[in-house]
Amino acid sequence: MDLDKLLSFQWGMMTPEFLILGTATILAVLDLFMPKKMNRNILGFFGLAGIVAAIVSLTLLLGQDTASILHDTFRLDSFAKAFKLLLLGGAALVMLLAIDYKPKEGMEEYRGEFFYLFMTALLGAMMMSSSGDLITLFVGLELLSISSYILAGIRKKNTRSNESAMKYVINGGISTAITLFGMSYVYGITGTTNLREMAGLLSQIDNPQHVYILGLAFLMIFVGLSFKLASAPFHMWAPDVYEGAPTPVTAFLSVVSKTAGFVIMMRVILSVFAAVPSNDSDLPLLFSMQDYIGFLAGATMIIGNVIALRQRSIKRLFAYSSIAHAGYILVAFSAMSVVMFDSIWFYLLAYLFMNLGAFAIIQLMTMKEGTEDISHFAGLYRRSPLLAGAMAIFILSLAGIPGTAGFIGKLDIFLGALMVDPAHYVLVSIMIATTVVSYFYYFGILTQMFFRPAAHHEKIALQPGTVITVIICAAATVVFGIMPQLAFDFFNSNFNQFIDFLQ
Amino acid sequence: MSNVPVSAFLALALILFCIGLYGALSKRNTVIVLISIELMLNAVNINLVTFSKYGPAPSINGQIFALFAIAIAAAEAAIGLAILIALYNNRKTVNIDEMDQLKH
Amino acid sequence: MENAWLIPLFPLLSFLVLLIAGRRLREASAYAGILLTLASLAMSVYMLAERFTKPTFKSESVWLTIGDLKLTAGFEVNQLNALMLVIVSLVSFLVHIYSRGYMHGDERFPVFYAYLGLFTFAMLGLVLSPNLLQTYIFWELVGLGSFLLIGFYFYKESAKHAAQKAFIMTRIGDVGLLIGMILLFWQTGSFEYDEIFASVKEGAVSETMITLTAILIFIGAVGKSGQFPLHTWLPDAMEGPTPVSALIHAATMVAAGVYLVAATFPLFAASETALMTVSVIGAFTAIFAASIGIVQKDIKRVLAYSTVSQLGYMMLALGSAGYVAGVFHLMTHAFFKALLFLAAGSVIHAVHTQDIEKMGGLWKKLRFTAPLFLIGTLAISGVPLFSGFFSKDEILVAAWVHGNKALFWLAVTAAFFTAFYMFRLFFMVFAGEARTHMKNVHESPGSMIFPMAVLGVLAIASGYINTPWFGTFLGDWLVEGNSALGHGHVEGPAWIMIVATLVSLSGILLAYLIYVKRSISRDWLISRAPLTYNVLRNKYYIDEFYGMTFVYGAKAVSLFLRFIETFLVEGLVKTVTVFVQTLGKTGSKIQSGQVQTYGAIAFVGLAVLMVIFALTGGYL
Amino acid sequence: MNESYYLSLLVFSPLLGIILLAFMSKDSEKSIKLLGFMATLPPAILALMAYVSRLMGKDLADFSERVRWIQFGNLPQMGEDFFTVYYELGIDGFSLLMIVLTAILSTLAAIASFHIKKEWKGYYMLFLLLEIGMLGVFTAQNLILFFVFFELTLIPMFFLIGKWGFFEKEKAAYSFLIYNGLGSAILLIVIMVLFARTGTTNIEALKILVNTANSDLITPLSDSVKYGLLIALLVAFGIKLPIFPLHSWMLRVHVEAPPSIVMLHSGILLKIGAYGLIRFGMGIFPEQFKELAVVLAVLGVINLLYGAFLAFIQKDFKMVLAYSSISHMGIVLIGLGALNQAGIQGAIFQVVSHGLISALLFFLVGVFYERTHTTDISKLGGMAKGMPIASGFLLAGAMASLGLPGMSGFVSEFMAFLGLFEEMPWLAAVGTLGIIMTAVYLLRAVLAITYGRADREFAGITDLRSYEWAPVLVLVGLIVLIGVYPAVLSEPLKSVLLGLGG
């Protein structure tokens, strides 16, 4: 590979990644040379600017044709663009939260690291969505993971933060090993790590033994990746880590990292296993695995919603709620209908706003009160009607009440699950039943905010970054709830059903 | 070398993976847990390298993949240890079963 | 006759005016009520007069459209209605006048008149109805009027219970009527009397269905007319002001049951079983109520049981195909019983008690009331030359001719009882000396005497419009042009009249011997047959029986359902909730904080999936 | 056609009030109440105008409006309308009646809300939101829109019960939420199955698509699926209505919610169940509905008797009324189960009539509670002494409720039974026991409150205040009007009844 060759690649396709990488590097360097006493907020704003710039550059790339560089290891297809937008949007909002995050102890000196680690994690996620090769996919995944490990434990003096990071690392390591083990078999059978080549080779596979092994590999990869989604059976780390990690990190994990998990899941599974012929039917192997995914989706929804009922800590509660939401999205995934992509994308979009909005308020409240107990939301309606109103919107959206984006997202998932033949009645029923169960804890928060008297009537000082986040999220949640066609039209006109997913 | 069947390598890898998993799930000392995770990742590497040499479709990619895996495993172990040290500074223990402040 | 619909509207107007302006009018309310009722009376009389020369008039328009069905509302003036119109509006008018004196000083005076207006409206509407549905509507409204007036003294617990009881007992009957009429509707396709009768005549309705519907309609009549077994409300209804008892529970509403059977008579006539039922229930009620009447000590209750008994007579008449006899007795009874009640009211007004044990010797003190009461008593006892004599004779003849001799003799016995207890009442109130010290006993004002006087005249005279001696004018007119109603007059053996006379005279004699001459001990029954006495005194324990069975039954059902509610309905919910919560609890317990457990569970999950996959070979 | 936005204007007109309220100081009690009341007037006026124009012979179809809203999936090959949800509003005779009822009751309930003691601002904002939801439910022309409005009623209700209710308000609010959430969840499944299979949720289109053999569906709907969907609908709306044994939530709401809200709840929200059953159950699955009619009728009789018997032993007047609602909804079911013109019309009449009657009764409960601070029957008594007018109206309400002719309750009850007697006379005969029991329990309760010995405690209480006259008079007036001249309801229903086949 000579220089000419190197220069012949359309590096422009990677502008957003370069921007993020550059920002991260500059942040790291600046942090190093900045006087210790200096307020690190500026770094946060710089990072935010980098993300915004990346979003702008990505929007400019939207019209670009599908192409790949670096021997098809980096692809810029509509799938990548669509999900990168989500990742970047989520990261931008998280960044706003992170700037406002000033915990009582153990943070101040690491705030610089805090910002650039977000950038590297984001970079990993972005690489994953664009990668066309198992190796880049894996590297992206690990970049995200390792950055997140550090982020989770960034409050070095805080034992809860330490513990959550440790748990995260150990579980993450195991999941990585399992995923890789599965991947190694897929590689072994095809002899290539390139997803497209794999798909091509696998579609001609005729050895039933290989199909069988691929089935096992599928399960390993799926379970391994379910770590990132925080879905069953690899969901149990999530509550502990979410609780212990700094709130912006929790927000990041529950939104950006989860989105990235779905990205990699679709990338690997759809491109590789959709091509494998099944042993017993005309359909690809993937379709015979639907029931497994469905089973796990059902388990995830039940576990998430049912255990959430017993939570007193708001962050733990949202951890379980985010497990449940992963389950909902898996329903769409397991249905594999023609609206699968739109529904997952839209749901993640809705989830991004509603969850981040909620976390913004949680961050504000937990910092203010110094505790995460739900009862400290009591009387919020009196103390800050704006926050209470916004929180109500987010909660209603999470609960899937009409008029909010969450409802439309759920609707789309139902539609997908029911339009295929045979329809997934059981899965849909579980989803709906658990949604009703979720009313208990979601409305429990509303009860606290609106019905219960406040312990004290101190007004809550609003921080600009948080307020902006809250307002953006609330507005988006409502707008996409009432006029979802805005999102759908954008999706359809720019991404065109991801028909270029495998080309 | 060539007399050794592929399945032996794969079995070795599988056994190594299982040992690693067992260690990761049962040892009290966090350092050993981290080492066990390394074992699991090494099992993967054996698989990759085996397939790259003797697999049904041998190619160089497997070895490259293995290199990346080694590098990343190292990074992961480093991070793990770093976090452990931080934890140790605060809690004066490396026993994994004592890390149960966060639960339920 | 096309303006007949105005007749009920006058009282309705009275009701509305008094409801809105009553507080301002105070006792002047009476004039509004009286004038408007007078208007009704005048028009009713005019209608009756007109009906002599003109044929039946009927006018209807659509009231309710149900898809293709059109239910109509309207009015009809035939012989029966015309007669009833006059009776109702006349008695109502008189009661309106009477109440001015009786209710004087009551703080809810206007309300009383408003209720009277409402009742009169409903009763007149009932009478004018050309179809069963409309009848039913007014039937219930009449019940409402009765309910409100019984409960007029709402602060009395007894009045409350009486009102409640009256409403519910009659409603039980009403449901029978409702079912009957709906069944008839689906059989004949109409609620109109004439269309129903036409279908019945054509044989479009099966025999069983006729019997069934007729009996169901009769159940409605049983409820309203206080026939056994739904009679218990009527004596209790005496809790209402006395003018109300005269109007509603003697002359008009309770007669509505009889009227209903008369109005649907062709239907009954088509089924021998139905007629039989009517006559048996009627005869039984007649003797049954009379026997209770013998031992009651409340002046109004005695009259109430006598009303029940007399209504039984009318039913017996109708059941014995004596259409004319029934209607005739209805009319005479309306007059003499209203008279009796008003007179009783006058007595109560004077002495402020209803207990006849405490009265006595009032003949001299109440110089107008007493003779009028005597006229009523003579009339009801069937003493010759008074109206009751003629109508009762007509009934006895009908019963005899119809063939069931047992019923005939029952009726004769009841006549004896009637004469006995009525004169017992009369003697105890008016004869002898006062048994307790009563001060300020004074005759009632003219506004109360005048209506009684009018009724007194009618109690004597009204009998003469249908006598075997001077001609059966009423009978002939009533059945004119409608063969289904039977003959205008039934010829019976002449000895019946003699027997009836003898029976009533002997009843009077017995009462005289016991209560005036005291040649027979008053305590004869108590000492000789204490059991019988107690049974009679306690009205055959029917109220207690209902209390034990239906009231407790309903309570038991309710409690049983509450059991279901608590354990089944709520229990089910509870189970689900507890299940979900237990699931949550278990789940959160597994979440032990041990990171290795987490990994293990993930691994177990993976292993399970892989084992399933391996075992099924991917052929899940 | 300026009328094309008429319904949107009607439905969303309370929004104006919400916005204005948002700018008011939360302490100016008087003006908030006044504004809250005024804000319910525009929909009432618009609804009445629509009703009048219907009587003048205007075609209700002229009111329809339709705008593209959401398109799920992007499947141009399958046609423009495919998986597209429109924002479409429209009315027919039945929904027109419901809208008029809703608008009127809302206005009256806004007056009744003058009794509310705290946080008027939030109360009226939620109240108006609730009204939007209710109006929307009756105008929605497709299932998804219906569902959106349906759920829109859920949230304000939750808050209104939970915040302004009585002692166990939160429990009641939760109970309400979970049951109704479950009901709407089931409803959503039905909606989505239909949507996924047919590609549309428009009610009229579904009527044709589902019932035409070989119609152009994505995947065919087998008969068993149709039955399943209908039964699911029955459960979903059965919770709302409520049908035994799905009623326990509704008791709590009746007892714990503020009376002004119960007026709406019992008056309108329960009726959405009946509306849904008629509109969707009967409309979309006519064949299957016929088969299930017997079940409905039996359930109706059970409801009627169950409610009546339990009402008989309640100690709290609100509980009596709650069970009476269950009982009266049984009549709706009886009418539907009869499935002939008389029955269906009876059911619809009952829907409207019970709406008015229960609103009246609960308004009076509010009036009494405001003065005596209790609704316990045994603690009240002889109220006719101190409050003769309120007591009189209470008695009138009870009479209407027990089906006294000349009032609306009778007409509906009569028609429902008329219908059922044609189809299932024996069952109907059993049901008539309910007529008696209704009288028994209502008189027991009402007479215990109004008649009897007057309790000294309540001496010197005021009778109806001036503003309390309006709701009472309007409601009694309407009840009597319908009872005397039922054509006011049956006239707009003519075409509906023909459409339902009867």
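Which chain is which? They are A, B, C and D, in the order written, and residues in each are numbered from 1.
Basically, a contact is a pair of C-beta atoms (placed from the backbone, for glycine too) under 8 Å apart; a residue touches a chain by one contact, two chains touch by 3 or more.
Just so it is clear, the model here is predicted, and its values are computed rather than measured.
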item: Core chain by centroid distance, with centroids computed from Cα atoms only; value: D
item: Separation of mean Cα positions, subunit D and subunit A [Å, integer]; value: 43
item: Chain centre separation (subunit B, subunit D; CA means) in Å; value: 64
item: Inter-centroid spacing, subunit C versus subunit A (mean Cα positions, whole Å); value: 78
item: Centroid distance [mean C-alpha coordinates] between subunit D and subunit C, Å; value: 37
item: For subunit B, residues contacting two or more additional chains; value: 21, 24, 33, 96, 99, 101-104
item: Per-residue overlap in subunit C, given as positions that touch at least 2 other chains; value: 588, 591, 593, 595-596, 599, 603
item: Contact pairs between chains, per stated definition; value: A-B, A-C, A-D, B-C, C-D
item: Residues on subunit C engaged by subunit D in the complex (per definition of touch); value: 63-69, 133, 136-141, 144, 151, 154-155, 157, 159-160, 163-164, 167-168, 171-172, 175, 178-179, 182-183, 185-186, 554-555, 557-559, 561-562, 565, 568-570, 572-573
item: Sites on subunit A touched by subunit C in the complex; value: 166-167, 170-171, 174-175, 178, 211-212, 215-216, 219-220, 223, 226-227, 232-234, 236-237, 239-240, 278-280, 285, 288, 291-292, 296, 302-303, 306-311, 437
item: Residue numbers on subunit C that touch subunit B, as the complex places them; value: 588-589, 591-596, 599-600, 603
item: Of all residues in subunit A, those that touch subunit B in their complex; value: 134-135, 138-139, 142, 145-146, 149-150, 153, 156-160, 162-167, 169-170, 172-174, 176-178, 180-181, 183-185, 187-194, 201, 210, 239-241, 243-244, 310, 316
item: Residues of subunit B defined as touching subunit C within the complex; value: 21, 24-26, 33, 96-97, 99-104
